[in-house]
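For reference, the structure discussed in these notes is given below.
Here the chain labels run A, B, C and D in written order, and each chain numbers its own residues starting at 1.
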Amino acid sequence: MATATVIFAGIAIVLAILLIVSSHYLSTTENEVIDKIESLLPRIQCAQCGYPGCRPYAAAIVTDKADINLCPPGGNETVRRLAKFLGSDFSPVTKYSTTANLNEIAFISEELCIGCNLCLRACPVDAIVGTHQSMHTVISDHCTGCRLCIPPCPVDCISLVSRNA
Amino acid sequence: MLKYPLFQSFYGGVHLESHKNTSNHKQIARDFLPSRLIIPMNQQFGSDAIPSVKVGQLIQKGEVIGKPAEKNTTAVHASCSGRVGAIEKHPVPTAGKVSTSTCVIIETNDENNIAAQKPPLFKNHLDKLTAINHAGIVGLGGAAFPTAEKLNRKSSHCEMLILNGAECEPYISCDDLLMQEHATEVLRGALAMMEIVGAELTVVVIEKDKPKAIEAISNAIETIGSKCIRLTDIPTMYPTGGERQLVEALTGKEVPSGKYPIDVGCICQNVGTAYALDCFFQLGEPLINRIVTVTGQGVKNPQNVAVPIGAPIVELIKFCGGYDGEVSQLILGGNMMGYTVDTDQLPVTKSTNCIITTKKATTPKPFEIWPCIRCGECIPVCPVRLLPQQILKAYENKNFEELGKLGLSECIECGCCDVVCPSHIPLVENFRKAKHLRMQEIKSSELSNAAQKRYELKTQRLSSQHANTEKLHADLKESIKESSKNDMIKAAVERSKKRRDKK
Amino acid sequence: MSDIKTLIVDGLWTKNPALIQLLGICPLLAITTTLVNGLALGIATTVVLICTNSIVSLIRHTLLPSVRILIFVMIISSLVTTIDLLTNAFFHELHGVLGLFIPLIITNCTILAQAESVASRNSIGKSIISGGSAGLGFTAVLLVLGGFREIIGRGSLFSGIDMILGDSATDSFIKFPFDGALVAILPPGAFFGLAILIALRNLFIPTATIEQRLETNISESHG
Amino acid sequence: MNFPINSSPHVLPITSVPIIMRHVLYALIPSTIVYVWYFGFGIFINMLIASIAALISEAIMLRIRNRPIKPSLADGSAIVTAILIAFSIPPLAPWWLPVLGASSAIVLAKHLYGGIGANIFNPAMVGYAILLLSFPVQMTHWIPPQIENLGFQNIDLWSTVLYSVTGSLPSNLNLDAITQATPLDIVKGGLKNGISINELRSGPLFSQLGGYGWEWINIFTAFGGVYLLYKGIIRWHIPVSLLTSITIFAALFYLYDPNQNLSPSFHLLSGATVLGAFFIATDPVSAAATNQGRLIYGASIGALTYAIRTWGGYPDGLAFAVLLMNLMVPLIDRFTTPKIYGQQQ
């Protein structure tokens, strides 16, 4: 009886030490998980999830503050991918975006633009060029169609057009 | 020297029921003159040609009407004499579909004398290639790739010129008849090409089901007496006529993915192209005609016609006796790789080698489609050695990574798998959609990556800007504090000085 | 009150260890050749569950996170050994039949999962209720599967009841008028049986259709 | 004029699933005739019952899965499955045996995996395996060849029908008296009891090449198989590799000790070897896809069949060999992918 107890206690202690050491050295870093989640998101930086960009949202998911169904452009497909990766349950996207794909880009109407610079600051991917008092324009190759430039515009000169047009 | 056993091996392919005898028993009809020509400006790779004529202008046959927009593209010529009726957008068959392109519309008249009727003279090699480009000569096999461009790839050494007369599509017979009637001209054209590319050997490839063409070519080889032209007959098997397939069949070498036959020392040219080149070198005639097979059950007199480029299909059909009863489909190109068009108001272009009119009986009905039973019949027939059934599965699962691994992009859309599939699954159609989807996926992920990168840069920039401003403010405050301190001390020192002075 | 009710319903149905969580499949598949075998294993498992849950719950504040699993396993194995010895002492015949499978309760993931997800986070009362209801839920599945396989595979029900009720009950099992298809008793039968049970569960909790329904609702309201 | 737009190629397919299934059924005719010659009309009853059961379960499953019923019923794949099951159960069998076999094949092996084209396992062999595991007694009660000079009691058609439906035999017949184990069974049991092959093969159920009657059934099945090869329904890789690998294994062991091991001809011409080689292992859905893979697949089935027959617990191992190799098909396919034209490996 005593021998058995000692042997098992010994095994347990050895294993416990192994576990403690490995939990210290083998843990996955949070950053890797965030990278992976970010790669599953559409990454058009539209901020519709309530976070300033896709990486902050990914970080929020990892630190367990945010739901996985907040990304309207990604749609249910993205939620499904995230659910599969995180092993959590699927639930449909809470709000629907009018831009669910990357096929639309912003277009600044030249006649109306007053060069106020507000859209330039709003663009998450620096796809708008221009300076004060001069007309701005959208670099179509870089625009992700996130619509963040539309609300700040005081003269409503920005509209969305099809990418290929 | 009649035949030379150059045939090595051919992987895959299917035996198809031949329909060549519908159209190959008559001579090429050469008296077709349409009342109107619609000559598209987009008949070659690269940018469209720029129309160089004005509406109402009288032009002669063979005159340039479209100037090349870039250096390496070809010119467009008037195929008949007449008056320019209009320059407008018109639907045109281009690369597998109907699109709209600028066209010069010519009302033809009877004066059909060619503008330049003398053999051209060249100062040097480069001059020759430019001249070929200006003569508007493109590959007449179907892809309309500029011939000069193809002959100009001088980076690799060319050992063999393959003259493609295989013509594996079951309905087409235009190359067959061309070789029968103009064997000498074809071979002369080939010799000219050989001289340009510096090849040592020309191999004329003809499928065994064209005995007359084989005879004509072998006779012509004897007549010419050239030691460097050889004739090889290959088994009748679709799709031997594919450029890459032909290279493998003759040399046993594979053309690496994304490269051209010239990278393994071969250049493939269609016999029609050789003929067009010969016409240009001997007579100075630019490419304004091509031989088109008009065939199928839906036309009264199926035959091969020498058609001026730009002739409307409807007039061509009328020339061949018109439609015979109700026609269910109009196919441009062969029935395996050609495409259907919805109207006969389109012009014949340089890449139109065949027009098939089908009646109900030969048009595939929407069959019952069974699920794939994995019978594997599609695997041995694929000339590219793909696994169509697994590609289909990966496509149904939208597994793009797997699609890439299975080599979807290598599919040549020959349709062999469709023919043998007992479940009647439209495989090629699915593969086209899969290719399209995969391209979209790749594109959007590229876009996402770019957006992510730019976002990161912007956040970095903003935060560094922010940090800079903060620092500036802090420094300013500090300096104000410092300076004010000093001022106060100075002022106090001053005041005390004044007080002392008063005393 | 409603909290306790959810705990019980969770264990018995909505988070049934065998049907929903698919835990403890190994003893489930191996032992359910008859209803009585299933019952015996179910009772043993339930007892172990209740005991481990209460012990783990008591020591939950002193646990080191990195070695907690090790400690759970130690507790479970000690308890199972005790129960193994007890059955051997008081139900010797049943022990002969269940033999190997009582020690195997150690590897039953239900117990580890309960210790990890319930007992180490909740008070002792809640842990006991949760463990008991999960054990009963597991027993119910064992009973259904055991009965199903016994009827189809042997054409009998309650055979071997004497091992629990004593020798007086030797002949008190039901015999149906057919010999049964042997495959139900063999390992494939266990998989078929469990698969059918899970399919039936899906009829009542169609997870896939819930997802679909939600999606169509949203697209309708936006489309 | 307006013409419809279709996708290329614009050509009629040269074959279809129903045509393939029909040819498979045609190919089974010669062996059925020989079967009837040796074992009576029992197989017809089994075929009929199994086909009806297969069609009904197919219809029910299609209905449950919300799939169009008519085209799938008409493609004949369910009937092929049923006929193959009828071939593998004894000619004298209670009616529920073919019913259970066919319906479990269709329901469990075919539709639970997603219907035609999606099944991992060969449905007929799943049905057979379930029957063999569940009812070992009924599945091994085989009536001996109905030939006068063998000295067995014969059973007529009416008694067969009666037994099938009611499970009882006329008073002058006794089930044990009119049934026998199959030759493979006898050999297996005999070898276990230390009887040598020579002694065993002097029994009335054996002839020069294999089991009495079985040899001719197998030979005529091979004719059917050749017909399928000729028609291009199956390719030669699986049958040839399967039969070759059985022959090689049998020959090696036979040469080593002819008294303890059966001759290659016996292995080839008894049990379900030839039927398996041409009709069961070649089921396209559950077989390997590439030619190279098919060679591996067939050879492995042959080797496994020999192993199960010789060292396993069941007299004929073909069904289990096929099912085991069905599991390996994705792996085989993965490693036998041909090199794509123009791509470096």
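By definition in this document, a residue touches a chain if its C-beta (ideal position, glycine included) is under 8 Å from a C-beta of that chain, and two chains touch if they have at least 3 such contacts.
For clarity, every value in this text was computed on a predicted model and none was experimentally measured.
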Top chain pair, ranked by number of contacting C-beta pairs: B-D
Gap in Å, rounded to a whole number, between the CA centres of chain D and chain A: 57
Whole-Å gap between the CA centroids of chain A and chain C: 42
Centroid distance [mean C-alpha coordinates] between chain C and chain B, Å: 67
Where chain C touches two or more other chains at once, by residue number: none
Residues of chain B whose C-beta touches two or more other chains: none
Overall pattern in which the protein chains touch one another (line/ring/star/complete/other): ring
Interchain contacts, given as pairs of chains that touch: A-B, A-C, B-D, C-D
In the complex, chain B residues that touch chain A: 444, 447-452, 454-459
Chain D residues within the chain B interface of the complex: 1-17, 19-20, 71, 75, 77, 115-118, 235, 284-287, 289-291, 294, 333, 337-344
For the chain A and chain C complex, residues of the former touching the latter: 8, 12, 15-16, 19-20, 23, 76, 90-93, 96
Complex interface listing, chain A residues touching chain B: 38, 42-45, 52-55, 101-102, 124-127, 142, 144
Of all residues in chain D, those that touch chain C in their complex: 100, 108, 130, 133-136
